[in-house]
Each structure stands twice: as C-alpha cells, then as structure tokens.
Amino acid sequence: MKTGNIVEMHDAVVVYGDFPALAGMTFSVRKGEILLLQGPNGAGKSTLLRTCAGLTPIFRGTAEVLGHDLRTERDLVRHRVGFLGHSNGLFSDLTIRENVMFWSRLVDAGDDETEAALERMGIGGRLADLRVGELSAGQKRRCSLANLVVRRAELWLLDEPHAGLDGGGRDELDAILRQAVASGATVILASHELERTRQLATRVVQVSGGQILDASL
Amino acid sequence: MKSQSTLRIARVVAGKDLQIEFRSHVVINRIVPFAALVMVMFAFALDDDLLLARVAGGLVWLATLFSLFIIVQRSFAIETADGALDALRVAGVNPAGIFLGKALALVVQLFLLEITLIGAAIVLYRVHVEPSSAVLLVTCMFCATLGLAFVGTIFGGLAAGMRGRETLLPLLMLPAIAPVLIGATKATEAAFNTSGMVTSEGWPWVGLLAVFAAVFGVGGLSAFSSLIEE
Amino acid sequence: MYGDNDMNHDSTPDAVGGVATTTSRTIGVLAIVAMTWVLVSGLFLTPADINQGDAVRIMYVHVPTAWIAYLAFIVTGAASLAWLLKKSPSLAFDRVAGASAEVGVLFMAMTLISGSLWGRLTWGTFWVWDPRLTTTAFLFVTYIGYLAVRGLGGSPQQRAQRSAVIASLAVLEIPLVHFSVVLWRSLHQSASVLRPDGDVKMDGLMLFTLFSGVLAFTFTFLWLVIHRQRMLLMRDVVGEKGLEAAIRERRRDHGGVVA
Amino acid sequence: MKTGNIVEMHDAVVVYGDFPALAGMTFSVRKGEILLLQGPNGAGKSTLLRTCAGLTPIFRGTAEVLGHDLRTERDLVRHRVGFLGHSNGLFSDLTIRENVMFWSRLVDAGDDETEAALERMGIGGRLADLRVGELSAGQKRRCSLANLVVRRAELWLLDEPHAGLDGGGRDELDAILRQAVASGATVILASHELERTRQLATRVVQVSGGQILDASL
Amino acid sequence: MKSQSTLRIARVVAGKDLQIEFRSHVVINRIVPFAALVMVMFAFALDDDLLLARVAGGLVWLATLFSLFIIVQRSFAIETADGALDALRVAGVNPAGIFLGKALALVVQLFLLEITLIGAAIVLYRVHVEPSSAVLLVTCMFCATLGLAFVGTIFGGLAAGMRGRETLLPLLMLPAIAPVLIGATKATEAAFNTSGMVTSEGWPWVGLLAVFAAVFGVGGLSAFSSLIEE
C-alpha cells in the first residue's frame, strides 16, 4: 500500500511482555506536517514514536515510514529519521563540541555545520569545551538537539523536546522545527506543553489507551 | 562501498572510545593497576616460587580475563549511560561498523594491558622468554586479544540493553571465553617453557586461538545488528 | 509479517491445541512404555558389568540424557537460525527454541548428576579433570545464561532476537564437547584423559537397552517440548483471545484523565 | 543570625571544581511561601535547590535552612526537607507500591497513607503492581511524587516537578503543593513552565549567572 | 533511641535489597553459576589433582572475591541507577542504618554463594572436611563474610557517586580485601587439612578475620555518612 504519506500505520499493535502498549493504532502523517501527539501519561506516545523510529518492533498490523515497511526495510528508513527520546544520548566524558563532532563525522557533515548547530543552540564558546557531565539539564538537552540538527533528517520524532529548555531555548527549538518543515522535513512530537505546542503544530492527535482517540485539526 | 562505510564508521567509533579513554585514563589508571594487583595477590596466595613459575601463564590470562569483564562493562556503560546506543541504532549507523569500532578500541586497550601483565609475570614470577619464543608469545597475544575483544563486544552489546547487565555479562562471557583462556595459557606456558612445555608445542594452541577469533569475528560482524536491534 | 503469521499459526486451536494434544498424547504413551522397558531391562534383565558391577546400569540414563541434551540444543540452534534468517518469521520458532533449551538444560543436568554418581562408583570421585566433563560444564552454564537472557522480558521479538543469536553461537560448543577428548589429546601433550570413552563392554541386550533408552528420552523430550512451548504460547498473549482481551482492556484504560 | 525564615542564604558561593555555579547568592524564604525560581539554562537553579537540600556543600557564605546552619547541623535539617531532582530515585525492580512502601516504612508512615498517596497520584489499582522499570516517563514521575507526599516534609524543594506530567497530573501536583502550604509547609520550585507556575507561586525570583537578579512579587 | 532507629532503617534497607534479589534472582541465577564456573576453570587451568587439592582453599576464596565485585556493583547499581541514594541522603536517612542494611543483605547473599562454592570444592577438588574442622570452617566463613560485606559496602558507597565507578570499585576493594583473602584461605586450608595444615592452625587466622571484620564494621558505621556525602 504505497501512499505519498510519510507515516502510514494500520492497526499496529506493540506489546511489552504481554502488555499491548499500542492497541491497534491507525493513523497517517502527510509530508510537511507538524503533528502533535497529546494524551495522558501512559497513553502510548513514546511507544508510538519509538515504533516509528524502528526502536520497538511491531507485533501485529503494518507500519510504513518514508514509504518503507518497518518490518522488512527498516534499514532503508533509519538514516533518514531523527529521534529524540527522554534520554539525550550524550557521552558525558566528552565535551559538547566533541559530542556533536562525533555525530557530524558519522553523517559526513562538515565542521562548519557543527559550529553552526552549537551557535544555534546557544552552547558555543565557553560551554562548547565543557565536559557534558558538567552541564545543567537544559544545557544537555540543547546539546542533544544540536546532535539532531547536524543530522538533517527527513522525519523528526521528538519526545517532549521542550522539557528542560528555558524560554529562549523553546523559541529556538520551535524556529528550528518550522525551518526544517519549510525545507521539506516532517515532524511528529509528543508533548504535555499544550499552550506552546498547539501553536506550533499543524495537527493535534489525541492518544489514549494505546490508540488514537480523535484527530482534530 | 558498504564495507568502505563500515570501516569509516568503525574508525569514528573506535576514535571516540579511545578519545574517552584518553580523557578519563580509566584503563591506565585503574584497570592496569588492578590487574597487576591481582597478579601480586596470586603470587601471595600460592607463595611457592616453583609452582608460581609453572602456573605463571595461566595467571597472566586469568588476570586479563577479569580485567576484560571490567573493560567491556566500561566500554558499554559509555554507550548506555545516556542512551547513546539507542541513538546510534535509530540513526541507522551500520552495526557492523559499530562492532568493529568497539572491538578495535578494546583490542588496543587489552593489548596495552597484556604487555604490562607479561612484564609483571617476568618480574614477579621470574619466567624467562627466549628470543626464539618471543614471536610465539606475540602471535598468541595478538590472536587471543582479537578473540577476547570480539567476544567482549558481542556480549557487551547483547547485555547493553538489559537490566542487571552488570551481572549478566560475566555469566554470558565466561563460558564463551574459556577456550581462549585455556589456549592462551598453554601457548604462553610454551613460550615461557614452563610446566614442561617447549616452544614448538605452543603453535597448535595459537592456531586454535586464531580459529576462535575468526569465528567470533565473523559471527559478530553478521549478528551484531540483530543483537543491538530491539 | 510477524503478527499475522502468528495469528493464523497460533490462533486456530488445532494449530497448536488440537493437533498437539493428540500427537503429544501418543508420544506421551510411547515415552512411558519405552521408559518402563528401559527401567525393567536396565535394572533387572541386563547383566552387571565385569569390572563396574551394577554401576554400569547408570549408563542407560547417563548416555541417553547426554545425547538428547545435544539434540535439544541443536533443535534450539536450528529454530534460532530459522528465526534469524527468515525475513518475517513466526514467534513459534522462538518458543520452540526456548522450550527445547529448557528441556536440554534439564537433561544436561541429569547427565552431570548421573555422570558424577557413576564417577563416584567407578573412579571413586565425583569429578575428574577430564576435558569432556569440563566442556560439558561449560555447555551447561552457557545455556543457563541463554535462559537468563530469555527471562528478561521486553518485547517478544526482542527476546527472540537476542536469545537467537546466543543460541546460534552456543550450538558451536557441542562439537567442542563431543570431540574434546580427541582435540585435547591432539593439542594437549600430557593428555589427562582418565577414561577411554565408550570402552564399556557391551553385550547385545545392553546395547539394545541403551538405544531404547535413547528412544525413550527422545519421546520424553518431544513430549516436554510440545507442552512447554504451548505453555510459553499461553504466556506471551499471542493466543488470539488473550491478545484481543488485553487490547480491549488497554483501550479502555485512559489513565483516569483524558481531555 | 536566627530569623523566623525557612531559608536564609547570605552571599553563598558553591563551586564545581573551579566553576562557581552559585556566585554569591543572598536570599531568604518565609514560611508558607511558594517560591518560583526561574532563569535561563545553567543559571544555577538546580544547584541552589541541591544546596538547600544539603546535597552540595557551600564553599563560602552562610546558609540556614529551617533555622539550622547547613554546614554544622545539616543532619537536623534533612529529615524535615523533601527534595525532588531531575532523577526520580526509584528502584526499577520493585513495583510502584513497593517503592512507596519503602519510603513510608523509612518515615514510619502507615500503609493507608501509602495507598492514599498512590490514589492521589493516579497510580493506584493495576499500575501500583507494575515494576517501575515498566512505566512511562510520566508514571515514574508520579511515583516519585508519591514518595515525596508520604514524607510530609516541612520544606519542599522541587526541580522542574511538572516535567513529564500530563495536564491532570500537573493540576494534581499544584493542588498537593497548595495543600501542603496550607498545612504549614514551604515550597521552593524551579521551573520553565512559566504560565502555570506563575499562577501557583506566591513569589517569583529571577536567577541568572549564579545570582538572584531581582525578587519581584 | 538513635541506635534503635539505626536498626529499624537497617531492617528496611536490607529487606528492600533482598526483596529485589528475590524478584530478580540475580545471585541465584547468575552469580552462583558464574562462581561455580570460575572454580571449574581454575581447576582445569591447573589440571593437576594433587596441586588442586592443595590450593582448593585459595580457589574457593578467589572465586568468592571475584563474585563479590559483581554483587557489590549490583548492590549499588540499584541505588544509583535512578538517584535513589541521593534521595536517601537528602531524606536524612541514618547513614549507619543504610550501611548496616546493605551490608546485611550482602552477608546473606555472600553466605549463600560461599556454601555453594565450598560444596563445589568438596565435589570438584575432592577435599574432605572432618566434622571436627566443620566448626572451624563455618566460623571462618562467617567472619570472612562479615569482613567482605563491610568492605564491599564501604567502597561500594564510596564509588557510588563517582563516574566510571564500574572500574573504580575493583581497584579500591582489592587491596582492602587481600587480608581477608589470605586469612580465609589459610583457615580453609586448615579446615581441609590441605597444604600441610592441621585444623588447630586455622584458628589464629579466624581471629584475624574477626578483627578485620570488627575494624571495618566499626569503621563503616562511623564513616559511612561522610562517604556517601561527597
């Protein structure tokens, strides 16, 4: 079932042990959307994002991301997807710059892009040479966002990306996401910051009990 | 092309690991002294010079083995402490590359450790290495190190995602590594000409080590993706 | 596709339920019959060994359990490879692998125990530093580790994936155990092989009893695996009713607070 | 200098290595306040809270909490203070109930209080018997809040307590804090959720560069 | 009153740790097989029955030692994984109580382990324990276990806050524990009547172990607070 959609999920079931965290999810995301997943704690938002990122296998049903079936062609999807979960994925013994450098090397991005990303997230200059282990919660979050920026992904999956960021950081993040979408990317984010993310999102989806309740515009 | 990128990834990953080691000096400042201490303790516990010289080879590799647990644990603690391994997986970074990279970093660190331990054995246990058997010794170290590094990376990656990994890792690794321990011990004893072995008897054992390393190297390269997946 | 395969494989009661029960019932009966025969023949009909005396009767348990444990681990390895290699395998492979490994560990334990008892009677000690014994111990612990990994939960695919890799590596140990004696002798100069293997003098009946023992334990193995993997099937809620019920309940749970 | 104040800090300096995270802080908190610390990432909010909790030693200056000098009488303060940091402090192999039980046993609280706290945080029933390792981010946060509730502290120090909680959880938390204050406790919290916390707080303090900028009402 | 509360805290903390063990079966399912395998490996590496019986005592305690590292690491991984130790500190939970509690849990787990290992030694290494020396053996195990548990808790708590703890812990603990290792070895050899020792010679070593345990017990009780405070 090839559609132009970035994400196409049909009756997807994801189980942890014997608990169906996703209880038959059906939804689709069009290119250029900023989709906001909202719902109570334990609804299944993080699981949904991890599934789209190919981190958690689907037990039943089908899921296509960027036109590839997640079960068979996951590897073709991965390098085009950027994922930010509850953890930052940083190496605490390295400095901010070294962390971002590591990622830009992996994706063959130039050092100038690294510097640009650092500046953008306001962790250039003195901070850039601090061990990540010595950073504050928000500074760490900023660093992992910089890692994400240098990846230039086509599909951004963000789990509570605003958590820990200060006002300025949140505005910056919103700007980055809008810019990414403008340049052809698609964004799905889960968040409890309704006031802010409702303005950011082009569509809001209610997740609860492991399924989509209603998709209101 | 694929393999080329595998090697590039491997280089980046290994570089990162060694950079971290260079920053934190964990192996130099902690594990080497630990291993040396273990050897001293063995010497104490046995306190019998003849006996000691006889089992010197075994003790060197026993000390290496227990340090290996710590090094591997450390090597993957780096990746899992803040979910970096997850990030690498999602980013679709070539798992074979990650495997090679981490293994390579391990090889470097282990080799450093083993040289120290052999040195310690020569000093503490008064074993002699004729120039003729030096080449056997080095080949043995090389093959054994590869084997240990591959097994360590495989099971380190396997345990990485799991709860109670600090206890799971040794249980999984020990049986897999036992052959290396035995083979390396025999070869080293041959190199030391201890426990009635002469140099030439060492080579079959080195062969065993080489086969072992090859098997787990290939196994790791092909299976690592399925290990760190999910 | 994982899911759907699993559904038609497991959901239809006669896929596992029906067929399995009839088959397993017959197998169970066969196992009991064969086992009884082995007991009778092993304990009473077969002669005592010239130099080992009645101790030799342990053989009828020791050897079959050892061999069937091999078989179990090979089955585990095969199922695991299938899981790894097939593009979209069914979780049934994983369950068979797990069940077979459990039974294998059980049998290997019996080999170890019967062996050390036998050793106590014949060599006067429970254990000797024979490569066969040592490698057997390694093999045993390897699969304990395998079961430990399986016990860790997470998603079924995750468990299957990880344990499958271990199983397909661990199975390589079996030739190591089997040929350890030969290997050791060829590699190890001062070969400390205290026991030339299988030099137990056997008359026809003994041999026959030994192999009916192998048969009996094979049936037992099959029976246990079939049932065990069915229990595992019950445990992961793969059975359609289980999953559907769980999904329904999950859908009803709105964390108390939903806008 | 005994004052009636719950927290009395004067020119307090806290250093990490050679970096002064708190660069001479002077401020005081009166009984019954809900004090909101706000400021950019890296300002020193978490450090300030950890210092008040006696987790980070003071390098220079003085700090009194609940009338006791932090340097000399820290032990007299501690059991009267409740602290919630960026991490939850849970045992992931135990169930939610066992985790909360552990704390209530430590403080000699009754089991009924445990159950009450669980209900209150919406993690009673089925959830209460789940391993904490199997919980979603917000459910974990709720559990650690329940741990805090059973402690009945006099001074609550909360570092971004709303992070990860859904709308309902946030309202519940606010209610809990207001109630605690009503029954004689004092609350200091650091947060980036300005809209919400501004309404909750009785006083807002701007922290930046390791200093108090201005104390506006 | 203080001490009374110390004991209550200790009971709660120990209860929690054992509950977790009961839940996760880490010691039973992983560490015991690991330790047993270590002993098999030692024996195989030496492969010489006479020698083996002679050093049996040492091997038992060496295996215990390496398992101790893992158990202690596990015991404090529980506390630090999610900052629970911090939470306990802030809550002003009596540190002496925490120390006693964690040590107690360790004692239980270690004792379980040692019994298995002694059993293994009797089966594998063919050592004999006369009823007369059984009491020596048990006392030795008891004192040694106390000592190991106290040292483990002290250094576990010390390393808990630090980065790279998985590598720091072994280095810190090994020297501190060496005396226990030696004392216990000697006493056990006496109990086994191996390496030319008779039972009566064992008691002085047990005395040493008791003193050691007492010292570190008192030390831990008084110093633990300053250890977990950074």
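By letter and in written order, the chains are A, B, C, D and E; residue numbering begins at 1 in each of them.
Assume a residue touches a chain if its C-beta (ideal position, glycine included) is under 8 Å from a C-beta of that chain, and two chains touch if they have at least 3 such contacts.
Source: prediction; values computed, not measured.
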Margin query: Starting from the defined contact criterion, work out which chains touch chain C and chain D both, please.
Written below: A, B, E
Checklist line | Steps in the shortest chain-to-chain touch route ending at chain C and beginning at chain B | finding: 1
Note to self: With centres defined by CA atoms only, which chain is the most remote from chain D?
What the structure shows: C
Next item on the list: Please state whether D-E or C-E has more C-beta contact pairs across its interface.
Entry: D-E
Margin query: Could you work out how far the Cα centre of chain B sits from that of chain D, in whole Å?
Written below: 45
Margin query: Nearest whole angstrom, what separates the Cα centre of chain A from the Cα centre of chain D?
Written below: 29
Notebook entry, point to check: Cα centroid separation between chain A and chain B, in whole Å?
Noted result: 37
Checklist line | Two or more partner chains touched - positions in chain C | finding: 138, 141, 144-145, 148, 154-155, 157-158, 253, 255-257, 259
Checklist line | Touching two or more other chains - residues of chain E | finding: 24, 30, 33-34, 37, 44, 163
Notebook entry, point to check: By residue number and range, which residues of chain D touch two or more other chains?
Noted result: 92-93, 122, 166-169
Next item on the list: Within their complex, state which residues of chain B touch chain E.
Entry: 24, 26, 30-31, 33-34, 37-38, 41, 44-46, 51, 55, 58, 62, 66, 70-71, 73-74, 77, 163-164, 166-168, 170-171, 174-175, 178, 181-182, 185
Next item on the list: Within their complex, state which residues of chain D touch chain B.
Entry: 92-93, 133
Check: Can you name the residues of chain D that touch chain E in the complex?
Finding: 53-55, 57, 75, 77-83, 85, 87-94, 98, 102-103, 105-107, 147, 151
Next item on the list: Spell out the part of chain B that touches chain C in their complex, as residue ranges.
Entry: 154, 158, 161-164, 168, 171-172, 174-176, 178-179, 186, 196-197, 201, 204-205, 208, 215-216, 219, 223, 226-227, 229-230
Next item on the list: Can you check the complex and tell me which residues of chain B touch chain D?
Entry: 163
